[in-house]
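Below, chain A partners chain B and then partners chain C, in two separate complexes.
Showing the complex of A and B:
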């Protein structure tokens, strides 16, 4: 009989407490792993989305609110930007192009944005990635051409069971009870291939269609004819790259000029989004704190289980010593049990943590359009196994030392 | 000689004063010899066996077992020595509780080189009349059966010396005689020496060489004996 067999036999001897220790460690590790994975992927998702856009021209107001409204289809736009001002910004040498948009409409819980058609050809939803209607990638139909046509994002189409040719009437607003534009039916002519971004959860109509929607009043409808009177929610701006493809330093001058004006502001998502994480950072810290606490409690449980098992096995260990096991051998047996339980808990926790991400990511995708991968390897994944070994050593140290110090004669022989 | 003792003393600390538990000037056991040590409870018989097994370090004197001077060895070396040369059978608590009979026979090999494989372990259990009990846990075996398993395990380690400390103390006289006879026969067959400690005269009478521990341990005359 080999030493590893003795360890397995011992684990089986107190199988219930060993299994409970494994499960409790697994729960703590799973929580830690899933929180770390979701946190890192959220960070990556948001910063990547932002990186697809060089800058946003928006109204005065909260920059974060404008980014969330224009890129993530959340919140509401705090105001409008005059078309003439937008055209003036486009003339700046540092600006390569612009895609104007109007937010503030919805349909069945999904945002309806009026947007320039170049959105589908020039906009990069991720760096270098353009929208597609290609059926091979999951798209259908085509880009809108007429004012009564619309394109749906993949997730919106899936959830609303949209078919090409189907019509709808957008709501003027994003809140329940807002007025519906029944005056004109709008027909879906295209469904975008999935992008794994919040754009999958939006519906798009032509920019001009916004001005022609019945019920907006004559002033808004007049904007369809008189371009100088138009207002937009904002515009995605593409900035000419600086020398060597880096950031163009002239953009700072443009930003200063726009922000000094009373008309609008220039927002760079890559600067705004980190602020979001600093705001919600405490949630991360609380979750990580809870996960660490659960793991610590699990290790305490392991420690108690080992001490309790040792108390039951004093005679067995003394007998092993009598059969020739050295003090180091019995120390090793108890320590090996601690390490096996810790590692089993860590491995199970890793698997369980990724399973939580797999289930959670589906909910998040449906709610936000953001795509999370269960296979994502976070920083926590990399340190879980070495950390489990270290903590297993710590938890097993005292029981192992007790086994090491165990008196053979006191636990075995009656005096004669 | 399998055991050769010269001027052995073992002292315990009882408060500030040392207490002499064992004082054996000269004692030997030959190869394959079978010896019974008898004496009253508390006379230090177990202490002697513990010293010979290397479980207890002598205070002074020379203890040579199987050609090895134990008083020169550290604790870990004595553990390894025991694993290689000496088997020990107790009155009770001989078996690991979470192990079946055959696993208890095999477990000795975990701490030493050599030992038996599963087939040989099965044969040893058959020899002590427990072929049909190999998968039984100790809790399902009678005390007598547990002692038989302990004998099988003692033999499985192929020792040169078996020490048995009151091996029949928990058995009725009928079973006690049977277990001792089994032990003696097994030692003869495996050509190993046997030292049995017992306070029962009937057990000692079965042996050709009997040692009265009251005579062997001079400490009993000097300070009233071990407690």
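Showing the complex of A and C:
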């Protein structure tokens, strides 16, 4: 009988313990693979998202809070920026254009941002990617033109079952119980094509519509016509590219100049977002640690299963030796079993891990608007099979050596 | 068979260690200062007190007064309307005088007499590769000596 046949027969003989070992390894690997995939994709989502924006002009306060509020529709803006100051920043030679916005309103749990209409034509939600109302891409209608018109992001429209022509009244705030602007109905005239970014989870109204919303005081309403009084939450800035299309080194000077002012700061999302990961980095390190621990326990289980199987099969192996099997054959039999169990566990774990990502990504997309792919190949995917081979060999080494050293005569002695 | 296993094990280890590794940035050296404009930082008396950042562009010298310690990206405004420096070029026997005029940062609402940036020009700066400049400024409310060592910077600490 050839070794592969012997291995298959032996695994069948201990089908339950072998299957349990495979499942336990698969669970550990699945946890490791899913954590690594979600971690890498989260990192990629956050850093790429920020890269669509060269810089943000925002009020004084936490730069991370400003980035999360303006790009991810989370948190609240820590203050306001004077319109006159924004116009002064636009005069800087290094600034190509700006898109001012006001945050702080909401509707049915979705943020309502007042924004310049050039947001729909000039803003790059990812490098080189612009918003679209094209029905072929899932969009509908057009951008707003009047002060009583609004555009919804794809996810907001889907969850709220929004239709073109439908009206709504925004809430003055982002917390439950905040006052609703019932004085004026705003009508949806467009739904953006899905972008796979948090912008899908927002509703947009014209910048000037914010000031004219009924319920705002006369001082705010006056900002619609008086530019000297006008305030905004911030502005997305497009920086003129440097030589060869790279980053313009003069942006550092602009950042320094603005940051010395008492009322505003320049934030480069590509610099701020990596700091977020340095803050929360311990969380995914803990998760990876737990996954490694689970995998190690699974391999320990494999080791115990092999050792106990070996004890049960001492007489069988001794018989095999009598029938002509060499020490190497016996060693290879146990080693091959260990290798097959660990590899099967790793392959099953890979598939299971990606299934976890597929299910989890849907929940994450609904909550944050970030899009994750179950097919994403993370670093863990690449090393999990060789690592499983290695650890399978390590787990099987001791039982295999015991099988190799098995004394034929002692183990063929009658038990009773 | 055991020999084969012993050969396979290190191979698998190398493969598993070689894949999926993440690069990490080396931590910044403690006490390292960063020049906000890419110029040369010169301590004002001590590094903790403040710095004068110097940048030469052709015949023009720009001087920014900034904070001490890790605050080298924060401007410190001074009351002087101009800064006079006595500049000794490398190899020269006599110093030259360079007067830098206040150049207020409009975006920070600075003005002459409450300004952190100064600028001056001289033809001989074009060829200046190395020099030492000294002067006095009213920094943090009191007269303090300025010592600029270009291009290496002045760091008494």
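Assorted remarks:
Rule of thumb we're sticking to: the second predicted complex is superposed on the first by the 411 of 416 C-alpha atoms of A that agree within 3 Å, B and C clash if a C-alpha of one lies under 4 Å from a C-alpha of the other, contacts with A are read in each partner's own complex, and residues count from 1 in each chain.
The definition used in the following text is that contacts are C-beta pairs under 8 Å (C-beta built on N, C-alpha and C of every residue); 3 or more make two chains touch, one makes a residue touch a chain.
What you are looking at is a predicted structure, and each value in this text was computed from that prediction instead of being measured.
In the superposition on chain A, contact is made by A:383 with chain C only, not with chain B. Of the two partner chains placed by the overlay, only chain C lies in contact with A:404; chain B stays clear of it.
Shared-chain residue A:328: touches chain B and chain C both.
In the superposition on chain A, contact is made by A:5 with chain B only, not with chain C. In the superposition on chain A, contact of A:260 is made with chain C only, not with chain B. In the superposition on chain A, A:412 contacts chain B only, with no contact to chain C. Contact with chain C, but none with chain B, is seen for A:89 once the two complexes are overlaid on the shared chain.
Touch criterion met: A:13 reaches chain B, while chain C stays clear of it.
Within the superposed three-chain model, A:320 lies in touch with chain B and out of touch with chain C [touch as defined at top].
Comparing the two complexes, residues 328 of chain A contact chain B in one case and chain C in the other.
Taken together, the chain A residues at the contact with chain B in this complex read 1-3, 5-6, 9-10, 12-13, 315-316, 319-329, 408-409, 412-416.
Against chain A, in their complex, chain C makes its touches with residues 1-2, 5, 8-9, 12-13, 15-22, 36-38, 73-75, 105-110, 116.
Of all residues in chain B, those touching chain A in their complex are 41-43, 45-46, 50, 53, 55-56, 75-76, 79-80, 82-84, 88, 90-99, 103, 106-112, 157, 165-166, 169, 197, 199, 226-227.
Here chain A touches chain C in the complex through residues 36, 85, 88-89, 92, 249, 252-254, 256-262, 328, 331-332, 335, 378-383, 386-387, 389-390, 393-394, 397, 400-401, 404, going by the rule given at the top.
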